[in-house]
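Presented sequentially are two complexes of chain A, the first with chain B as partner and the second with chain C.
Right after this comes the complex of A and B.
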């Protein structure tokens, strides 16, 4: 293909500029502007006051801890249950297509709207879930999901896991289906048991899928907002106040713009650390196992 | 053999139960008279049947208005995302410039930052430009949010178009712009429709921007509108109506899922497995 260099540059510019301009305005600018709000006070002077206040703010550490705990617990549960579901989906049974469609329903429902549904399902006096637990003798009385601090955390975990397990299962299923059938056959010849195949073949070959899924899910869970905002508003007290709702409350309800910006900057920093950590794990595994 | 089959079907049954049990209760209560939602202990099977919730909710909130807002915003943003995403993908995989890795990676990395970490500067900008309560205040941020996955999936698809075809187009006198519009776009309709569905669902479901950039209650999208319904008093929370509304606005999504199941799965896995 013979094209003049100037024409090439012109076209390149033309094709890329809409995406680049939009990203500069709606991603890069807000991140930089937040940093500026965090380090420049209303008089235009450089200050570390807001960073300092954030670092000495127990509510910020409480939110960090809740966010990390939430991301770890939900993503672990999702990976384990999702893996089991993926293995089942990969088995041969009638109605696989219907099952896959059913699996997409929780994923397709808007989180905020489903959170309204959960709010009803979790009501202590008339919600089905507390009573179901009570009638099945898991609890001595219908538990107070939304007014008890510990239980409200359990409630957001249940709601998030419910929505995301099917999605994780479908991703792992795609990984499972990419494993060549011959590998299983050759292990059959060697007389491997079902468990043997699972532990020595399926799981190692799925490591790349696990890591990518883990990364996407963990980063997404770290930013959790919709579910908490609708279901608990971060409450009771601060029991479910993850970082995103905390930033939001600080800025839009308490009008602490600088403090909110400092918290947002730290949250962005967390994200960068998580990405670097996952990248590090990936390269380490790559060195060890080759193809990831 | 019987035994193994039995176990598989038992497992499959449990999975279906897992996915559907909350929806069962929501469907159940949406067709019950409004007092039923306050029945303590709750009922687990139908005791009455009525459409009053489905009719009543249209009187309680401007649901049609919300749906129109959502449709305008989601369709426009999907269109822009496809246009700009496919253009960027063309730049990446056909024009093949130096630094394309950097471009794609930054696109994806920037997509990882939670909306809450950048929402205030955008809010301030829209407020200064008088764009709050304007459809653009959602269309533009949604387009940006959709770009990483869209560009990624389309670029991967473009990579697989034979180079000879592109060269032949240029020999026939098609410009680079013509190759994009007349060769690449028609060829990649399957990939475009896949990402269109994924983007549309994501935009329809979006919450935090819609909550913030549309403070006027007439400009709410369905997702925000429904999650903000409340009764005059806590004790009058109109559960039946809220649930009916929630189910109604998810029907289009469920239909899309039924129709385009294969496409959605392939799009989701292309986006994640290759990442």
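Right after this comes the complex of A and C.
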């Protein structure tokens, strides 16, 4: 049966309409509303005052720096550790399926719940981690993970890495399994070492997977909220005050709706920059490695 | 067959309709509170519903953290919705919420003079914003010092009064190696820390913000000294475990009740729990007294306290029911019940003279004097921000990221900026 093009387009929109409507309501509308809050003041006049205030707000720059630091550190750690775990889980061994399932548990847990768990683990007076470090004589006294500014940053990084490594490993594992076995066999015939196979075959062929994973992870890391809110609420001081908790505080605690919306707009800008950057890397690599 | 189904349909519709009529008789009002751990709320509501047939109160138990409950109410109000018709409101919520127009002014429904006549002054003062009443007060909190009577008596020392005496005694009596610390308080970066710090700030002759003159005074030498004392509890005198930085009210109470501290700063609710809790190791060993103060000053207690406020977005026909409940919570009967079940330090004066109450908690005799002399946190719509600034820089000083002087100067700078921004827009 031949369908007319106009009918085809009609049905196309019909079938897409639920998705389009939901995206309009839950994505586009809040974004537009946010922008309006950021540029229209209480009297209904257009103003750039809130952007200006945000740019002159040291707390905003502090939060930006913390967010960028958090994103780069966690994403790099997750990529490296996730890659190693993906290789391990890709190896053939007994009980591989069971291991893969168990391995996914951290990712399956809701962040707020796992963060409460980590809060308990990090607590100084009774938490197992500080005391284990102390008993194993790594530290002179049980360290204060959640109340020391430097350590609290370490704590949120550890918790985030623990949660997200399985996700990264899962994506990379899928990429690994898409590499045809024959390529390894032919490298075997040419007498390549295991290391050589990794460097010259596995990693180049995984680049598309890496890029998708990086994209996912950066977007999420830039919006990190629940983990920090449960573990430290941005404290001590504002040592772990990433952008999302800062915006939340601004809007819902201080009721500075316009200022919060302006800050949110800048956060969106950061994310756009990251996406463009990754796209740029992607096109550059495309020239080198062909289709990605 | 067709007739039968028509009949069934009719019967169904009729049932629904009659149910609707039955429901319509009752007015249901929702109430946002914290977790009802002792069941006191369910008892109060049952009593209220018995006395007021036709009104149903639906309890919504929010999270324990008061900041979170405040945000729940803020979020709903931003959407101009009233999922919580009555909100159990802290004294400091009134200025910001009333200023935004999210609370119903109830001056036309309640008699202010009567409120003043039967309650302590501070909780009623704190329920008023720009000449209108927004809340019926029900409890009246004040910061207190609890101490281990047995340890002080054994060492033959009198309860210290001034800061200097206190630091000496606490250092002398503590024994951290064996798990006995000198002093614990609410040290987490939140409202509780601010409440405690203000007592030391005032007791040392300083002030944070004056809502009348709109002046910020937190960078004065006296204020810096108060911050220094706070930092010294952890780092110089070492009478406080550094873990205090994660303590809220409950953590510090548990710490004290498990016999691990000589002194505790907390609210009046601790008294009855420390004497009745199964877990408590300090039964019969606890003394209570006002806060410490500098030589030549006098002790201050931060005023806290809760009461019933009503959402601006409540449906019109529910207002009367909500007011009834708000006033009920301040009635003799309800207040006494709250005390008997939960040991609440209620807002009504006459409860503190009730023989049955005094028999159960003799300490109420002292408490009524303290409650007459409390001080509030600055009443201003930007208090949430000022409080956040204060707790943030105090934490920076307590974790030694800043010296007390730097911290207080930054506090003053940011507070002045916030005040200017708010009033110049």
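The criterion applied here is as follows: the second predicted complex is superposed on the first by the 278 of 292 C-alpha atoms of A that agree within 3 Å, B and C clash if a C-alpha of one lies under 4 Å from a C-alpha of the other, contacts with A are read in each partner's own complex, and residues count from 1 in each chain.
The rule we apply is simple: a residue touches a chain if its C-beta (ideal position, glycine included) is under 8 Å from a C-beta of that chain, and two chains touch if they have at least 3 such contacts.
Quantities reported herein were computed from a predicted structural model and do not represent experimental measurements.
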Is A:109 contacted by the first partner chain B, the second partner chain C, both or neither?
first
For A:62 in the superposed arrangement: first (chain B), second (chain C), both or neither?
neither
Partner chain in contact with A:125 - chain B first, chain C second, else both or neither:
both
Looking at A:90, would you say it contacts chain B, chain C, both, or neither? Reply first, second, both or neither.
neither
In the overlaid three-chain picture, which partner chain does A:139 touch, first (chain B) or second (chain C), both, or neither?
neither
Using the touch definition from the top, say if A:209 reaches chain B (first), chain C (second), both or neither.
first
For A:252, is the partner it touches chain B (first), chain C (second), both, or none of the two (neither)?
both
Does chain A have more residues touched by chain B or by chain C?
B
Contacts on chain A seen with chain B and repeated with chain C across the two complexes:
125, 252, 257
Quick check on the complex: what are the chain A residues that touch chain C?
42, 53, 123-125, 144, 146-149, 233, 235-239, 249, 252-257
Listed in rising order, the residues of chain C that touch chain A in the complex are 67, 70-71, 74-75, 78, 96, 100, 188-190, 241-243, 245-246, 382, 384-385, 388, 392-393, 395-396, 398-399, 401, 421, 425
Sites on chain B touched by chain A in the complex:
5, 8-9, 11-12, 15-16, 18-20, 22-23, 25-26, 29, 37-42, 44, 83-85, 87-88, 90-91, 95, 97, 103, 106-107, 109-110, 112-122, 124-125, 140-141, 143-144, 147, 151, 166-167, 170, 176-177, 180, 201, 204-205, 207-208, 211-212, 222-224, 226-227, 229, 239, 242-243, 246, 249-250, 253-254, 256-258, 261, 264-265, 268-269, 272-273, 275
Taking the touch rule as given, give the residues of chain A at its contact with chain B in the complex, in rising order.
1-3, 7-8, 11-12, 14-16, 18-20, 22-23, 25-31, 33-34, 37, 85, 88-89, 91, 93, 95, 97, 99-106, 108-118, 120-121, 125-128, 131-132, 142, 162, 165-167, 170-171, 174-175, 178, 209, 212-213, 215-216, 219, 222-223, 225-226, 229-230, 243-245, 247-248, 251-252, 257, 260-261, 264-265, 267-268, 271, 275
